[in-house]
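Note that chain A is present in both complexes that follow, paired respectively with chain B and with chain C.
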Partner chain A sequence: MLTTLILGLVLGGTYALLALGLTLQYGIARIMNLAYGELTLIAAFVVVAAFQAAGIPPLAALIAVVPAGYALGWVLYTVMMRPLVARSESRGRLEIDSILATFGLLFLIQGVLLVSFGANFTSISYLDRGVNVFGVSVALNRLIAFGICVVAAGALIWALARTRWGLVMRAVALTPGSAPLVGIDVNRVARQGFALGTALAAAGGVSVAMYQTFSATGGVVFTMKALVIVIMGGVGNVAGALIAGLALGLIETFVSTTIDPGLTMAATFLIFLIVLLWRPQGLFGRG
Partner chain B sequence: MTRLLLPLAGLVVLAALPGFVSEYGLGLMIGAVTYVTLASAWALFSGYTRYISLATVAFYGTGAYVVAVLNEVLPYPLVLLVAALIGGAMALVVGLSTLRLAGVYFVIFTFGLSELVRQLITWYEVNVTGTLGRYIFLDISARGIYWQMLALAAVTIGLTAWIHRRPLGLALRVVGDDETVAAHSGINLARTKLIAFVLSSVILTLAGAIVSPRWVYVEPSIVFNPTVSFLTVIMALLGGANRLVGPALGAVPLFLTFEWLSANFPDTYSIFMGLLFIGVVFALPEGVLAGVDRLRARKLRAAA
Partner chain C sequence: MLEVRDLRVRYGKHVALEGVSLKVGAGQMVAILGANGAGKSSLLNAIAGRIPTQGGDIAFEGQSLADVPTHALVERGIAIVPEGRGIFPALTVADNLSLGAIPERARASADGMRADVFELFPRLAERRAQIAGTMSGGEQQMVAIGRALMSAPKLLLLDEPSLGLAPIVAKEVFAALKRIRDTGLTVLVVEQNARATLALADFAYLVEAGRVTGSGPAAELRSDPAVVRAFLGGAMASET
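Our next item is the complex of A and B:
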């Protein structure tokens, strides 16, 4: 039981990190990014390739991959999303356009990944030795991945709640229409939000690469889980996403150890359905 | 009168075509007509309401799977009926739980639906029946499949045209333009969307059931191929999802292009597909037909 709890929390940490990035992109930049899981996979594959080819440890790669993710997000927003934002008169229109455009991006990135890394399942063995946590043996790589998630998520929540930069972000998330009245450049903030979300996706990818087995076609599952967490926690609600992410990790580990590993997706969907029927605004309300 | 005669004559010509083409040509024609059906059925709901469904293959694959499971137990027409009922029931569950909410919930739910159905069937087959993969032995020729699919395509387009003139069609268009206005003018939003979604899903399921004998061997990872959902959306968008023949116009050339691409560039296929999709979303958000209309209007204005 304790094993399930700890493994579930570790998995939940990665999910929470992924969901935070997605909720930033949707809440601040208003882009519903269906290619989010593919962005995560790019980072994961780069980390694995660097480890296998040059022996660069994932922790060192993290320092390069996260800023690269930020840069990629910045470019993606400027080149692809900004024109969509500019031409849409209403929020609904932008939602449809962004969903369609990122749906195309999903297949584009998937194709590039398939060509460059092949269709096989990949994993690396890095720091794969047991560490005793409350009497349970947990692989060190999982603990480090969890540590990354806690640090990144904690820093983000602190920055959003306590700094001036966070205040500006929240203002745009709340009322993009009135933010310009107090001198906020909405376009710039939205671009930052999207880029930061991509950076978090990259950090999530590093943590995935450290302890999970993944393949080039599995991005959809990450996107789906992150979306469910965002909706569970309440759109734009950062703390809600964190709690919901940990909860989903716990539930999934519980289902796969006690019922069947093949039913984790079904469990995710069941939770999604219950939340939609019971509290569509999210368990913790909008952020 | 010509509005009805011309399509009918076209249908007769299309139905007579298999007598003049090779086996390979017939295979291509079946594929093209299948995608015409899928894109038109998708547009029946998503074109008017602008609720983007990404779950085409969830229904299409379910249809194929029902045939795989029941083809030795029940006579063929009954199998089709069961497939339609199951597809309709699935659509009811999905629609009832998501269509009352904002559109984005629906998109997200349909986005993961095919993956969910695939995992559930795989789990069931492995744990309960103990076999993964089934065979379909039905005495239906390629021509038979072609004619059935052609009929389904004709029914789909006919149904779309009919709904367009009914109160339901008007209601759907208002919902697509502005839900608040629709609600204030007394339209029952949830019911309107649900009817269209169930109709469209039943057709998608039937398309999967009809085409399934072509596969012979069926397995969840084969029939729930996400590319099908993707192709359907891009075809309908390219032609114009809110036009009667738009989806069909987009389906035929794109199907042939993708067929050629997958034969010649199997590795980079999905890159082309993604690029083309993004191109359509940026350059032709309303479809080719709307673009043609705009050009014509500009020419008329220039002439005046």
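Our next item is the complex of A and C:
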């Protein structure tokens, strides 16, 4: 039971990290990014390639991959999303356009990943010796991945709640129409939010690379799980996404150890459906 | 300080402003009076960069404001309280005020300004932790005006600050405007309540069907028979 709890929390930490980025992109930039999982995979493959080719440890790669993710998000927003934002008069229009555009981006990135890294499942052995946590042996790489989640999510939640930057982000997420009245350039803030979300996708990708087995076509699973968590936690609700992410990790681990590993996805979507039907605004409401 | 020359605004085929010109001098409180649909709000929104114009020029401190987006105006010293207030209803009163001080120019003076706003509207000090959207209309108007003041503006634009407020609350808002005027801040206010506004303003423009049909010092307009008939009507008689 304790093993399930600890392994579940570790898995949930990665999910939560992924969901935070998606909820930032949707909450601040109003873009539902269906290529989110592929962005995560880019980071994961880069980390693996750097490790296998040059022996660069994933933790060191993290320092370069996260800012690179921010830069990639910045460019994606400027080149691809900004024209959609500029021509959409309503929020609904932007949501539909961005879903279609990022759906295309998904296959574009997937194709590039397939050509570059092949279709095989990939994983690396990095710090995989066991560490004793309350009597349970947990691989060190999983603990580090969990640590990345705790630090990144903690810093984000603190910054959103306590800093001037966070106040501006919240203002744009909640009432974009009023933001220009206090001198906020909504376009600039949306670009920052989208770029930061991509940076979190990259951080999630580093965590994935450290302890999971993944393939170039598996990005959609990350997107779906992040989406489920975002909706469960309440769209735009950062703390809700964190809690829902941890909960999903626990549930999946519990189902796979006590019932059947093949049922984890089914369990995830069963919960998703229940939440959608019973509390469409999310368990913790809108952020 | 602010000069509008021959401003034209159209919405499709509908002409909202047909060559409006006006001047606001430093330290003045200038009112724009007119009935519903006369073009008052279009005028203020055009100055605030919230709607496109089809001709004419708007200059602030000698510099043209053409193509200056709304968010950049605040940094230049123009604060806007739009119709409908434009506050952040999901955030607290304190957060709304802090957002007012986001522009670079306002940051150093934010603490002093917050104290001034709380003195002007003691209710906001009591309710600083309340979610702004749960307050009454008059209190939300105070939040909007307080937030505008937080940006340490040189010019304050107010669009119908008394609209939709109960008479006693509107009175409170006008009392606050009087105190703001007395600090020497330059104010341009659009209002339907001509009587209360003329009692405060230094100068006023009368707008009808997209044109300026009259202007003059507020004290003169108050006793102008034509103005009394068109804008002050029976309400004046009932009060005096």
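We adopt the following convention: the second predicted complex is superposed on the first by the 287 of 287 C-alpha atoms of A that agree within 3 Å, B and C clash if a C-alpha of one lies under 4 Å from a C-alpha of the other, contacts with A are read in each partner's own complex, and residues count from 1 in each chain.
The definition used in the following text is that contacts are C-beta pairs under 8 Å (C-beta built on N, C-alpha and C of every residue); 3 or more make two chains touch, one makes a residue touch a chain.
Since this is a predicted model, take the numbers as computed values, not measurements.
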**Prompt:** Where does A:Ala53 make contact in the superposed view: on chain B (first), on chain C (second), on both, or on neither?
**Reply:** neither
**Prompt:** Is A:Val168 touching the first partner chain B, the second partner chain C, both, or neither of them?
**Reply:** second
**Prompt:** Which touches a greater number of chain A residues, chain B or chain C?
**Reply:** B
**Message:** Touch test for A:Met1: chain B only (first), chain C only (second), both, or neither?
**Reply:** neither
**First (chain B), second (chain C), both or neither touched by A:Val186** = second
**Request:** Check the residue A:Gly177 against both partner chains and state whether it touches chain B (first), chain C (second), both, or neither.
**Result:** second
**Request:** Classify the contacts of A:Ala119 with the two partner chains as first (chain B alone), second (chain C alone), both, or neither.
**Result:** neither
**Asked** Touching A:Ala86 in the superposition: chain B (first), chain C (second), both, neither?
**Response** neither
**Asked** Once the complexes are superposed, what residues of chain A are shared between the chain B interface and the chain C interface?
**Response** none
**Item:** Interface residues, chain A side, partner chain C - complex
**Value:** 164, 167-168, 170-171, 174-175, 177-186
**Prompt:** Which chain C residues qualify as touching chain A in the complex?
**Reply:** 50, 69-75, 80, 82, 86-91, 95, 98-100, 102-103, 147, 151
**Fill in**
So, in the complex, the side of chain A touching chain B is made of residues 32, 34, 80, 83-84, 92, 95-97, 99-101, 103-112, 114-115, 220-221, 223-224, 227-228, 231, 260, 262-263, 265-266, 268-269, 272-273, 276-277, 280
**Fill in**
chain A partner, complex, touching residues on chain B are 50, 52, 54, 97-98, 101, 103-105, 107-109, 111-112, 115-116, 119-120, 122-123, 126-127, 226, 230, 233-234, 237, 267-278, 281-282, 285
